[in-house]
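Both complexes shown next keep chain A, but they swap its partner, so chain B is in the first and chain C is in the second.
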Partner chain A sequence: MTENILEIKDLVVHYETDDGVVYAVNGISLAIGKGQTLGLVGETGAGKTTTALSILNLVPNPPGVIKSGEILLDNINMLSLPARELQNVRGKDVAMIFQDPMTALNPVMTIGEQIAESVMLHHKDFSKEDCIERAKEMLRQVGIDDSRAADYPHQLSGGMRQRVVIAIALACNPKLLIADEPTTALDVTIQAQVLALMKQLKQEFNTVMLLITHDLGVVAEVCDEVAVMYAGHIVEKGSAYDVFNHTLHPYTEGLFNSLPNLRERGEELVPIKGMMPDPMQLPTGCVFAPRCPYVMDKCRLGQPELKDHGQSHFVACIAYDSEDFKLRRNS
Partner chain B sequence: MTNIILEVQDLKKYFTTAKGQLHAVDGVTFQVEKGTTLGIVGESGCGKSTTGRSILKLIEPTSGKILFNGEDITHYDKRKMRPLRTEMQIIFQDPFSSLDPRQTISQIISEPLIEHNLVKGRQAIEKRTLELMDTVGLASRLVNTYPHELDGGRRQRIGIARALAVNPQLIVCDEPVSALDVSIQAQVLNLLKKLQKDLGLTYIFITHDLAVVKYFSDNIAVMYLGQMVEKSSSDDLFKSPTHPYTQALLSAIPYPIVGKDKPERKLIKGEITSPVNLPDECRFSKRCDYTVEKCLERNPALKEISPGHFVACARVE
Partner chain C sequence: MWKYILKRLIQMIPAILITSFIIYFSMNLTSGDPAMLVAGEKATPAQVEQVRQELGLNDPIVIRYLKYMGGMIRGDLGTSYVTKQDVFKTFMSRLPATLELSFASVLIAVLVSIPLGIYTAVNQNSWKDTAGMIFALFGVSMPNFWLGLMLIVLFSLNLGWFPSSGRAGFQSLVLPAVTVGLGLAALITRTTRSSMLDVIRQDYMRTARAKGASERRVIYKHGLNNALIPIITVIGLQLSNVLTGSVLAETVFSWPGIGRLIFDHISKRDTPMVTGAIIMCSILMCLVNLVVDIVYAFFDPRIKAQYVQK
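Coming up: the complex of A and B.
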């Protein structure tokens, strides 16, 4: 039907706890086309990881409930797939890289065995030797000498562990790679190496990538498209160039203003005032209104819809109902 | 000369491990002027935190000298350090593990006041606690809450208030904003900067984040494997980074820029090598693009290449 590998439509996810309902994801829609990398940006609690877990139907239930929405992977709805078939998709068609490579790896299995295991699970016709051969090949691909296949995770540095996690993720040639803060735990020089590796392998393996991060610098480095998430809503999305150079949403502008820019040694940063709303008691009206420097009375009436502002650059802000509204960053 | 609040000379801290001597800090020398900020930058394992903690004598240094306001505190024991604790304080990285979960905010902030007998009488202590909370921007209604009820940004403010309680001159900030979201990070950085201006504080700012350090520091020291490889004013360091490691660090920063003006990236190979039993050669030589024979002969010392700008590299010798 379309060229989209992944399509998320109106996804709503709640965590129903004893204390009340946590409104984690509140009706978001996303799509990733062939060969693309989408960056999902937001701060702690924005709902980024919940969105990622939903794709594999892995939201812990209870308390998590996917209330409504569709998740189409190659036009197959993941949310209505029976558990058995879902097992085949996980790790094979969709692979995931987590933030902390130490907890993602099994400490009592060698790294070679761990890579081979994921191959074995999804290729029943492979012999054990085939799988181990494939594991060694993957190690070389991610820049680790295959003589280290017999090492245990604790014998590797953080950067190498993350490379192993990437090797496991790509071993089955997934259609979609979800990377949840893959470099947050790494040092900058290692982060630069790992990002370069991910970019290169994404090309070689012809997969699409959903990169979840809070770091706008990382997004600028690897992403083609960007979606900015705030309190369970997508407030802006578009091409990386547009979002960075023609920012539309006040929250996105706030994120940029908070960065201690390397180019100027300004006297004071301009943080976003206040903090993220409690996801159990989201404000009525626009979720960003309580912190927004451009807030108007009508912002409190309802959450604005994500509207096309031209050239597939979407923004959820009613200020753009008036033609001449501009963010300070752009004027 | 009297303006130097802290002087560290040839500080060394070795840990004995099963494999040999681990050179965590290996001959670090620097001075900090009153009211300024020294940024110490480097990656995990470069010895920046060990340096920070040694200054406060939270770790006993192996050798070297630490002079605080001209007073040699290198061999002070706990008892002798005690009065100095009101002069020098520390803010830790993780506001989740550095606060006692069973104490209320008022208990956490007032503890140093009581411990050092700085304020007497319950009412006075209460008043000072609220004053401190106000200084760091914590609402007074939070006075009886527990740390777990608060978010990271507020917890870090408690850590700052606790450090300020004793009216210190010097605060070692060990990655104070690394655990926080960017919008909150900016709030805390602004607060630290304002406090410095209002109270004349001196900071030693330890971080791996060059963007933060540039924004914050007057002088910067770059550390690699226990040694300082480059040391200069903040402006100089960013304008003309000279040590290959500094250049690599600067180039590795992911700039939040798309399209034009995006700086070219240069990757360095490999990873930080083991700090155990180090041979006498340039410690960066294994990862450096410019390594020549001279680099493997001995470990270069810091050399002043322009006023106040020191570099330890065979290329400038």
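Coming up: the complex of A and C.
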């Protein structure tokens, strides 16, 4: 049994807006062990970013409210920390890489200052020169010449900005790195570079990573474990190998089917029919039931629990109550 | 950067030429014969005609304008019809009083309104926000002279803390500066609030929080620095307004500034004094604008980069 760096237990997050309550995250549980990378996969609006922000206790409030649950980072509950201690943990024990590098950096501060700030906030004993020196070292580590420390974000390309965001995140050597769609806003060629860099730095800094993405290719490339999220629920969870090769949940199957196949070009894509439910009005039964090709009457009775299907491969689907159920992909 | 400043200074020349032309011609259209004014009520027509000759009023207006501009380059804006004193010297003697009042009131406005604007933005939609906005609305709607009179009643007549009029040292500056400053504070508060509301929602604020920066640091270091451009714009506009036009406050407090100078001499139809003072004011405004544009570059590296390219 490996020690868990991050444990999320029954997290529920709502956005209470004037128009109604948005059920963004509805009781999810996750854990990441030492040295692991967990991929959190799902469509836009599935609640991935809300989950990530909850870990830092940064869900914008109002309107976001963390209703219940526990988030243990190295056995400290992030949700009950007072503001001051929370500031000490943010950036130092857990850091985050944001989706859009074009807007994640402060436009009126040099990139060197922005990395140095991260160091300065958590090393009160460092002089200003020490912080700048550390910032330059971080720049070199993410593959940017340290002479560019005095540059402003507008002088850098998107890929370089994302490298700076990574440098900020890793500057204090965090135990947990959350990467929220780190490559979505980048060109494909730059995506590969940034992913390789993140993989390499994760090894060097000996940190664990929560990688949020909708890109299954990225997951296959980087992750050890995968959790598939749909409408605020985790519907499947297991090792990357199992989820890719012995897919259990119909939604995960749908995701794989909607990938273009390079070897059989011209073949028609098979998208998942319909739309993700409005998070203000979730269906009463299984949240995926309205789009599920295997749907049965009993699916509409309640959200199925996440059950172990052997070898720590979990799935939330009542079809597996009958032993001979198989997805088309697996038969 | 220096190249940019030089370029802007050169661009000021046509601007000043155009404004001076408009001012000179419109002043010329005002009713009344300056020669009669100068010669006095009891002068004979011959005497008036002589004065008219001396003042060069028989020349076509374009010639007079050119002569006037020629004088201006040498710092000669003519002589007042009323006081018989040099216009330029009179203007310069009044300038320190106006500069003092302008900068003091803008300083007070900034000290009140920027913290208040940030406070209301951070507490958006709460009762604190509403209270701050009511204060700002009050500041906008309250007539300057009325506030001045109220302050005089309270602080000089009843409490006797500050003099009610005149210009004699720091104490006499307090009431006029507060009067003008509170009027300015309203607009700066509203601008600060809306600019901060824009900035608060930006991603880099979240990045700063995720780094572990305190809320205070996030708001002041990351937020305010990004929200400053519109705020500086408004402060610049306000500054050029008070430099040229705090007539009401200057009158209420008998403050010997430029606003009153112009006002007094308009009523006496002293064309050279009014023309000269207004032209000088327009030059001041151009300079303030230039300074504001330079200050932009200081706070926003993207704007600086544009200046350097040009």
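Operating definition for what follows: the second predicted complex is superposed on the first by the 327 of 331 C-alpha atoms of A that agree within 3 Å, B and C clash if a C-alpha of one lies under 4 Å from a C-alpha of the other, contacts with A are read in each partner's own complex, and residues count from 1 in each chain.
Everything below uses one rule, namely that contacts are C-beta pairs under 8 Å (C-beta built on N, C-alpha and C of every residue); 3 or more make two chains touch, one makes a residue touch a chain.
The structure displayed is predicted, hence computed values, not measured ones.
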Could you look at A:249 and tell me whether it touches chain B, chain C, both or neither (first, second, both, neither)?
-> neither
Scan A:313 for contacts with chain B and chain C and give back first, second, both or neither.
-> neither
May I ask you to decide whether A:98 touches chain B, chain C, both, or neither, giving the answer as first, second, both or neither?
-> second
Should A:165 be classified as contacting the first partner (chain B), the second (chain C), both, or neither?
-> second
Counting residues of chain A touched by each of chain B and chain C, the higher count belongs to B
Where does A:237 make contact in the superposed view: on chain B (first), on chain C (second), on both, or on neither?
-> neither
Footprint of chain C on chain A - complex, ascending | 56, 58, 83-84, 87-92, 95-96, 98, 100, 103-110, 117-118, 121-122, 152, 154-155, 165, 168
Along chain A, where are the residues that touch chain B in the complex?
-> 43-44, 157-160, 187-193, 195-196, 214-221, 240-241, 243-245, 254-262, 265-266, 268-272, 275-276
Parts of chain B lying in touch with chain A, wherever the complex brings them together | 43-44, 151-153, 181-187, 189-190, 193, 208, 210-212, 214-216, 234-235, 238, 248-249, 251-259, 262, 265, 267-268, 271-272
In the complex of these two chains, what residues of chain C are touching chain A?
-> 202-204, 206-215, 222, 225-226, 299-302, 305
